[in-house]
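Take a look at the structures listed below.
Two complexes follow with subunit A in common, the first pairing it with subunit B and the second with subunit C.
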Partner chain A sequence: MTDDTADRREFLKQVSRTGLALAGASLGAWWLHNRPTAVEATPVTLPRYDVLLGAGDPRLAIAHGTSVDTMVRAAVEALGGMSRFVVRGDTVLIKPNVAFDRPPALASTTHPDILRAVIRLCREAGARVLVADNPINSPEGAFHRSGIKAAAEEEGAVVRYPRPGMFETVRLGGVVLETWPVFYEPLREATKVIGIAPTKDHNLCGASLTMKNWYGLLGGARNLLHQKIDDVIADLASLVRPTLVFLDATRMLMTNGPTGGRLSDVVAGDTIVCGVDQVAVDAYGATRLGRDPQDLGYLRHAQARGLGALRWQSLNPRELTV
Partner chain B sequence: MNITKTRLAFQVFFVGLFLFLAFVTAFDRLKGFPVSLFLELDPLVGIGTSLTTHSLYRGLLWALPVVLLTLVLGRVFCGWVCPFGAIHHLIGWLSVRRSSPQQQVEGNRYRRINAFKYYLLVAFGAAALLGTLQIGLLDPIVTFYRSLSTAVWPTVDQATGSIFLRPPAYRLSWVFGSLFGLLLVLNVGWPRFFCRVLCPLGALMGLLGRFAWWRIDRDPAKCTDCDLCLKACEGAADPQSHLRKAECFVCMNCLNDCQYGAISFRFLPSVTREVAHPDLRRRHVLLGALAGVLFYPLSRASGELTKNFDKAVIRPPGSLAEPEFLARCTKCEQCLRVCPTNVLQPTLFEAGLEGFWTPVMNNRMGYCELNCVLCGQVCPTGAIERISLDRKLGLGEYRDRPIKVGTAFFDRGRCLPWAMDTHCVVCEEVCPTSPKAIFTRPVEVVSRNGTTLTLKQPYVDLERCTGCGICEYACPVKDLAGVRVTAIGETRSADRTLLLN
Partner chain C sequence: MTPVQRPVSPAERRVSMALLALLPLIALAVYLKGQRYDPATFSLDPAFLDEPGIGAAGLLRLDDLAAAVADAAWQADGGVEHFTADTLYEKIDGRADIYLANGVRTLQFVSFTDGQSFIDIFLYDMTTPEQASAMLAVERPPDAPAGDLGGDSYRADASRFFREGRYYVQVIASESSDRLAAVGLRLAQTVAARVRAGSPPVPMDSR
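On to the complex of A and B.
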């Protein structure tokens, strides 16, 4: 037998190479064994966006008139001016209702004129403005046909479209909703949040006003929430404590809501409401729809949880005609 | 010579234009671009639909200049314009670059199987004469559009996120993608395999091209029989002997490669140096014709157009009645691409053998957006008519006669308020008509634990329901919804209406 087994150098090379492979395989297997798989991300908690007001400060303003821009300015002025709520350097998220692929005249989405007026006030106060919503119909169609995309971009605001990956689990701490996926991307940057809702009849909860408007920030299986709709809408008021809410009652969807579809469903209201108390604004809005606020289950729930004043008159609203 | 560089520039331009048009076929990018332009230029689509409908729809007139050009210059479309051909050309070129010139020459020799595309054309033509359009199965432009829409863009979007706001999903995406990939890969052993062997449009061009006044000509006095003209011959057209006019793509590569100046592109050269007709065996032509002719009665005999129509064949709004639809639909899937909600999906055999790969709605994946008529805008052949919004919604001169694509039916065993003592009616909330086509009746039930509930139980208003499917889409019982749309009641079919009026 010839003696051609490996010399010392070759021996060391082979032993170390194979030895490394043995060690690598064993270490790798040991490290992987029973490694816990990805845990659920911890839910995010939204900050409060409301501004501290004094006991005597106005909290609710109702402006009547025909010029949207004039009414919006007058209502905000009656609450102390936009600079009371939005300061230089703020990033304001304006959340309009862009749920449906409808033209503005059908009153099922926020009218672009009131969006323009509010964006202008925020920019005059020195803030950067984002506009976002998670529509029920296709986002491209809804943002385009409602006029919201054009209005927002013309006034210098940035529109954020919902895309997969822009949603995070957020803690609501509500009665029905402990946590829920929320369109978080625009909220990540926001220091102030303003809601602008149309005044609409709703087939299930009776009225779609400023509290229901936050539904448009939800993701996930929103179609399950109708099983406990009144509690869920009240939960929304604890999800978002907004800086301001606006209720557009210049024209109101009286029947066939929340989608509408005929001009005959729409009635002129010539009113814009602005306030810091969503419950009070909604209660006033309900009366304009010809409903008693006490008849709306979600308002009763919200009132019972101390989320606002159902008796809106008790806030001494500033009512003016311009 | 510069002519091949010019040809290459044209190919690059048309591929770029094609990809651009396919990319902008989406709601927010569409603007006024003629996104179905290449389908309109495609003479196989124009001639095919002329055979099935005895008419030439709108933009399909664009096929005429292409036909005229081919009659005069030969198959310049294949060599200079066809974007699918250009991709095959590219892959073939990449794969033979490291082969020897002799190997390249052998790869471009004419083979008898290249005649197969003519037999396919004959079969498609015979079927079209009887009224069924099947060219879309293998037409190059249709195949390229379809593959991009259903397979390529979704794949690119998964990698880069740059195509879609919300990525769509397409049934059979893997089939379209695999077929596309297979056809491209076949170029590796066999340059321009699809173009030479399978392409029915190429076959049509070949039949037209034999009348051409200009063609590639070989001067026997200068020719040394070196066969180098075959080295890059795209069409496998035998420029080294008698040029096969019906196979030549006019790519001009032979002009470039001949080192003796024997190859030229001439006006009316001698007919003794050409083979004008494609090389066909009569027996095979008859077989092809027979296959095409038999296709029609065999597929109609299965009854999917009449007695056994499938409830799932819910066609896009504006679609013609089924026989006329099948005479026009090229299966290009432009409607799938432009649909903003992803509701349109290709069929397998639900619409019968003829309806293979034609579009139907799947309301689990989307719904028909009320204010949208995009599908008809991009349909190149009018299988889906270019309807106005007034026509779709039943407004203006069409008052109270909206287009219905089907009807919704409640499944009372699955609907939550009907079967499970649970509040819901998302369906009514999202129903877009005014007045809504879903209404409720309150019912008091005593639940299992003794509490009294007042439930709203939903009903369909048959007169108002248009079959848009948003109710089915929004229903929380997602796997088999508590309200489902089926095709009955569609206004496009006289024999599938439901209500008397």
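On to the complex of A and C.
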């Protein structure tokens, strides 16, 4: 064996070892590429928050008037009173729509007056009240500018802002959303859940009412859901079976929703709706926006899944003027 | 003993060249991978693109606006916020889709407050004057009175909406009052003048 042969053999061994090391590193890098770095927790399943009602119990009330507090009380009374739904010791999560840092007059968020009225009723029933939402804009700014923070705290409720660590992966079992990160911390504490939504136009789904209100519990990249928004909203109605929902139609954002921006986009409606069937409440709300409920995809989807009554009239609503 | 320089064989030379040739291939792969990034991971702040012909950075200047208000009670509520077409939803959520359909490139936002009331300024770069006019028309109430900021403008109570060049501007007051209308007008006029003076051309590939 010559020196050249020995050197060549040594060189080829070294190249082979290097090549194997490179190949191993490359394979490892490819295997690790885009893999989740944390073990995903088992998705949480939300409990139902609705109350069992008898076959003849009223499920939908529509109150007309000019005093928000009076209308809210009258509508709840027509359904049997708040004690029918909330009992002493309950922790009630009220979920208003605080999506944007807009003033109440623009009607793109829940009006603080209706929040006050509902908190009062819950507290009179002996419950502790939480108020929470996951706004599009900065939570502190949105809660402040919408007047929701002041109203909640002045009425003795506790405001919960979304923070990292307060979200959990929740199982929806929906058509689009099988699981999704949800602002879970206030839901974990709650024994009852009440939604309070404004009545407003929405450029993607036609109307933003009580079912769309639950969008504000979602975390993650929820903007990616806009392309399938009708199915997503119906999925949300599967996610949250609330104790009660309120639809504020005292003033309504008729166009340029969901953000609005002009007082002229808002018209007076002098109505508050309260019900246990969010599909029916939304169907009524759609008519107040000048829409046929059948034209709203998410309502058709929700009815098809048995989540509520698109024909709200079939619930024999209690309609009253106060 | 003098070290002997061992000659490099042709095989070694070929292997070495092959290994060296891998380096530019790896670099090319990294480059191509980098072209397909998740926009949610990055947020381009147009404020850093302060070069003429590239971005609309800096059209909302806090010092200009504060000087226009000329009232110490009114202060900027935070800094100027910048959004691109990819991050616009972070400010206006589902409403972003209509703006995207009309060619929005960026949004600059700032808010002024006197501690009780506030006035929000939204400055949308709609790429072309025609698209800015279209967006203004989409949102304009049918009976809105003409504005006092030129032909392409209208008023809605204390709020003002207008087009200046390729920009669609909203000056939104928190409530209807003469006081807010007056402050809003000064802010709107300042923004309009700033846009006229400082609006860079749009790169051709952005149209």
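Following the convention adopted for this analysis, the second predicted complex is superposed on the first by the 284 of 322 C-alpha atoms of A that agree within 3 Å, B and C clash if a C-alpha of one lies under 4 Å from a C-alpha of the other, contacts with A are read in each partner's own complex, and residues count from 1 in each chain.
Criterion: a contact is a pair of C-beta atoms (placed from the backbone, for glycine too) under 8 Å apart; a residue touches a chain by one contact, two chains touch by 3 or more.
Quick caveat: nothing in here was measured; it's all calculated off a predicted structure.
Asker: Put the two structures on top of each other at subunit A: do subunit B and subunit C fit, or clash?
Answerer: clash
Asker: Quick one: classify A:E140 as touching subunit B (first), subunit C (second), both or neither.
Answerer: Only subunit B; A:E140 stays clear of subunit C.
Asker: A:K228 in the overlay: touching subunit B, subunit C, both, or neither? Say first, second, both or neither.
Answerer: In the superposition, A:K228 touches subunit B alone.
Asker: Please indicate which partner A:R48 is in contact with in the superposed arrangement: first for subunit B, second for subunit C, both, or neither.
Answerer: The answer is neither, since A:R48 touches no partner chain.
Asker: Taking the superposition on A as described, I'd like to know which of subunit B and subunit C A:R17 touches: first, second, both or neither.
Answerer: It touches nothing on subunit B or subunit C.
Asker: Would you sort A:R188 into first (subunit B), second (subunit C), both or neither based on which partner it touches?
Answerer: After superposing on A, A:R188 lies clear of both subunit B and subunit C.
Asker: For A:R8, decide between first (touching subunit B), second (touching subunit C), both and neither.
Answerer: A:R8 sits against subunit C, while subunit B stays out of touch.
Asker: Between subunit B and subunit C, whom does A:Y161 touch in the aligned arrangement: first, second, both, or neither?
Answerer: first
Asker: Would you check which partner chain A:H202 touches, where first means subunit B only, second means subunit C only, and both and neither mean what they say?
Answerer: Touch partners of A:H202: subunit B and subunit C.
Asker: Do subunit B and subunit C touch any of the same residues on subunit A, and if so, which?
Answerer: Subunit A residues touching both partners: 100, 136-137, 145, 202-204, 221, 223, 226, 229, 256, 258-259, 261-262, 265.
Asker: For a test of understanding, state which residues of subunit A touch subunit C in their complex under the given definition.
Answerer: Going through subunit A, the ones touching subunit C are 3-4, 7-8, 11, 15, 99-100, 103, 105-106, 136-137, 145, 202-205, 221, 223, 226, 229, 255-259, 261-265.
Asker: Note which residues of subunit C are touching subunit A in the complex, please.
Answerer: Per the stated touch rule, the residues are 6, 9, 11-12, 15, 40, 89-98, 118, 139, 141, 143-144, 156-157, 159, 161, 170, 172, 174-176.
Asker: Which subunit A residues qualify as touching subunit B in the complex?
Answerer: So the residues of subunit A touching subunit B come out as 100-102, 136-141, 144-145, 161, 163-164, 202-204, 221, 223-224, 226-229, 256, 258-262, 265.
Asker: If you look only at subunit B, which of its residues touch subunit A in the complex?
Answerer: 26-28, 165-167, 340-341, 369-372, 416, 422-426, 428-436, 440, 456, 474-476
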